[in-house]
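Presented below are the structures under discussion, each in the form of structure tokens.
Next come two complexes built around chain A: one with chain B, the other with chain C.
What follows is the complex of A and B.
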């Protein structure tokens, strides 16, 4: 009998590295699916310690925490330190929905001079820096699955993908890396 | 691939992020149980299906996830304009419409 439940790391050991790009799984993080009307933005920003972005494709970052605009009333909040983000919102009295989705997603980090080309193999959005600059984020698609894409650097992207789709997403990116 | 302008994301986005959601501006009867079968048929089943401009609901499913409305030409598949859900049917359309 097992002594403890162990959460399997779904992309453990996966890695694609070429001269132009590296595709690796991201470290575990806490994640929050946040929905709130305009009236709740100020209080939730205060509770989370960063200003929730109000513009399309906008992001806000403070230390290890980030908030990504997904829609006019929807954000994906990430924290690399594993902070209980839903707990931080618990004291906010205006109506909102804060759901911990830490283990729903996994992250895939794509970096290197060919990163944009590799993403473009499966993502139909215009990823040119003029349209998708550093700091931009968007829900979109990669091949046949939905992802949230965040440009964290000129040559670096974070792909947030549902755990059960992560094998597909990683394989597609690794194949694209071979061709890039 | 078509590019569709999402009025919430405020930019043209690839067709693959969107889903069609039927004709727009179909008002649900206030007291639906009280209407005749014929009136229900008109409300529920019958659609304009024009050759030319049509007003449709679309959803930016794999983007901001919002529903919005679009004016599309069923002959050319061209999107004439898009506007937010809840906004009235536009009385005038952008200039280049008559192509």
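What follows is the complex of A and C.
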């Protein structure tokens, strides 16, 4: 019956393209909000099949799966294939919290030579490659909303934003794209 | 056609590049590169405005951002009309259309100038003293008339059609000002590889090199060096050069805000391009190279058109090729004006005389002037001027006494010396100190990681300024981790050095009965006004400023503050530093609201949050209400229904059949971990340890003070996992509140909090038919009352997608809340709707939700509570775990005031006339037969028409309310008092059986 249900992507059909940048919605993905003390990192890394990063701005990526460091005991784990990430953690015995947030967030992909400039219209964080290199991620703000920002390439960023804030975030990025 | 005052061969503009413009409807020709001011002067136009208070004819004082007089309105079209544009900074473009301000019927003949004749009336503090009474006259008479007569410019009356952009930037070194010092500092910093931003308010870099004619830097003429250096910097990857960009605010931790003007100089701006861009720059080090601002001389009638700053006249000549007059007088107290006189003389213009305020000026400049055949009147003062719409003569007298003589002039250049531009330094919270020798306030104690270089630091010699700027640039880059490089050397030479200067009034002619010696041109403040303020008891410069309004116009006293201070100090007979300097505040020059707002307008003013079913509700014709940032369906009117009819129908349908409601905006927090139940015990008043998985409980959260903070239904999914719901408005703050306690008070607990508000779309199905509607859509959950009683939760599948199904009720009816992943929310809603239609269900909105819960006496936190209501006040004492020894607020609840008798308690109210619906917020009294102000004993918190009860219902907080059950109280309203009976809070199904059945 699940197949019969239409999944409504909140940013479906949105797109902003200029010479310097492309802003498009990301595909649906599974997402896990993972909280765990140091003692749980090893077991959870094993269960998820990738080493949870331990440093600020750190990320780990393996194939279609990635873990973004958000705090000393907090990660956002993404899987592009839609794997049940919470299920993977279910067998881990050390205390932790694995909560499925696949539908809480929406991804916006910002790419092109002007991507950094476009994000700088609303993100106060220093995004220069020396400070925020490829692979860096952080929880930050874009205009008036909170986002998780992940630099996936020299000129490519993934913005993770809560579902109902995604219209604002996308609109701001599209406006900023006109000025880049 | 060459304008009359454009001098062939002078200046840097290209004669072939003509730009036509109009001023007050007359057409003129200017050149590309002109400012509006230079183009007007080239056409011999000096009269450009009328003054603020006295409507005196005013001309162009300066050639820069400090301009107090030449304020005009520039309109591109009806919506793009900008008042108070300084003609001295507005770049000319072909088709520019400017009009003068503050005059009627015309600039040359202004009726308002009568106030100039009546001037003795309008002394300092005139408004404060005169328009005191009667009070009513303020709004009807005084204020409208004062506003009509005063004020500059007309505010635009249409929405701003332009776009504005914003950008955050980070750099190691921010250099403010691209004069010789700023360029040198940027050059030294840039060559270390560090990120450098260089901004300058002008279209072209160069600063004072624009007018200083005898400068050579690095073997090149100063101006050329500046252009080439800026171009070289702009070509470097690590440098951003921002022309037409004003650093207007210096905030904490080296955050400097810049306003970049992108299209203001263009004849046909690209409508796609933003008009202005706000830069918020976080800099490792800031180098201030903001230069100095020339002061005028203060003497009687020093404001006639044609009287201007000496360096301004030099700019107009050396840069724009414009003669400000053909027979020019000079009144100065410093050497820089001599350089202006010499430049003008060399260009073939007549210098009538240099009147030098100083008794015995000497030095190279003075000798050069004399050698050039210019008459130098040392120890003299200009005591007055003549000319109606333009200066025609100056009256000159020896300061020591003696006969005055009149000298014909068509322009008069004045210079009292240079005031270092310490505005940004002061904004950075740096402290200035008064240098008695040079009579200047200079940067003294730095509060942030910044350095001042050049004229704004008081450095007089160009070579010294360049050297210290190079050193500062190199140091700033080094301190922020740049490569160690030897600072470059730059040889800078100039033919002139400036010294001298004075503060205050030049001579006592300023004090003559009818004399007006202006200190502040923009606010029409004279030397006499400042003296009067002191005589009337103002002692601090802050008081003098506010009493006289000196320095309070949009130019913020760039030319007037030091004079005003000196006059006050002299009148008080105290040294200048003791009288004090007023505080510099952002913005340095006016900034448009558009720039500050940036992208944040229209759709981007604030996020608008919509649920998954928003589009469906919209298509059904729902009316929405704003709940915080959310748009929520308020009610679903059918054809011919008004709100009341729609809500009444929805209310009846829910209780007779069923209703479907989008409850997605409720806050949802997943509390997970082995200590989850212990944490819940601490955060809520209720007991949680013994709540079985699969069961729900209504929870109340208190603040430390014992008052209700939030409430919601909480389901236990597993021993270590709770699904907490919060109020819609409380979602963010409740999570913060919990996280705050977890991190600071209970850090040992192994529990974590995750917001899942947006993970789940929530579809409430309420009413007797709710089970019949939900049942066909559910897989693997037994919905029977025995298997899934009221207040339980199950995980399973609804429409084939993972779901959390709650059996809960905020209506008092049997009810379910279906939680499904948000992207499936719409599809599941549509499936529920299809089932609902088979069973007579309707969609309902927040208004019906409010009515139905009020019929059952369920509170809404924030409506029936206001931050001073305890659980017992709200009739929820049962929700406090009696055996609990600790939870947030437990000690607060024991405070004497919170257990005292007579507290306001939540009760129901029935109006004597069932048709009367009370107003929410209305006050309640025991009897209306008492004098006003009556003793108020409570107020109405919720009030509705209840179709199900066929009468009005209301909830109220009333003193000692529960003990008053059955009493008649009164609600006084403008139309008369309304009698109400105090009742319990439940208006329907007192036993509560419907939710279980």
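Following the convention adopted for this analysis, the second predicted complex is superposed on the first by the 175 of 180 C-alpha atoms of A that agree within 3 Å, B and C clash if a C-alpha of one lies under 4 Å from a C-alpha of the other, contacts with A are read in each partner's own complex, and residues count from 1 in each chain.
Basically, a residue touches a chain if its C-beta (ideal position, glycine included) is under 8 Å from a C-beta of that chain, and two chains touch if they have at least 3 such contacts.
Remember, it's a predicted structure, so these values are computed and weren't measured experimentally.
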{"item": "Chain B versus chain C as contact partner of A:155, first or second or both or neither", "value": "neither"}
{"item": "Touched partner set for A:124, first chain B, second chain C, both or neither", "value": "both"}
{"item": "Chain B versus chain C as contact partner of A:140, first or second or both or neither", "value": "first"}
{"item": "First, second, both or neither for A:57, with chain B first and chain C second", "value": "first"}
{"item": "First (chain B), second (chain C), both or neither touched by A:70", "value": "first"}
{"item": "Of chain C and chain B, partner touching more chain A residues", "value": "C"}
{"item": "Common ground on chain A, meaning residues reached by chain C in one complex and by chain B in the other", "value": "124-125, 131"}
{"item": "Contact footprint of chain C on chain A as seen in their complex", "value": "1-10, 28, 33, 35, 37, 73, 95-105, 117, 120-126, 128, 131, 143-145, 162-165, 167-168, 171-172, 175-176, 178-179"}
{"item": "Partner chain A, residues of chain C touching it in the complex", "value": "163, 165-170, 195, 272-274, 277, 280, 282, 598-600, 603-604, 606-612, 629-630, 670, 672-674, 750-752, 754-760, 779, 797, 799-801, 821-828, 831"}
{"item": "Complex contact set, residues of chain A against chain B", "value": "56-57, 70-72, 74, 124-125, 131, 138-141, 146"}
{"item": "Residues of chain B that touch chain A when the two form their complex", "value": "1, 8-11, 13-17, 62-66"}
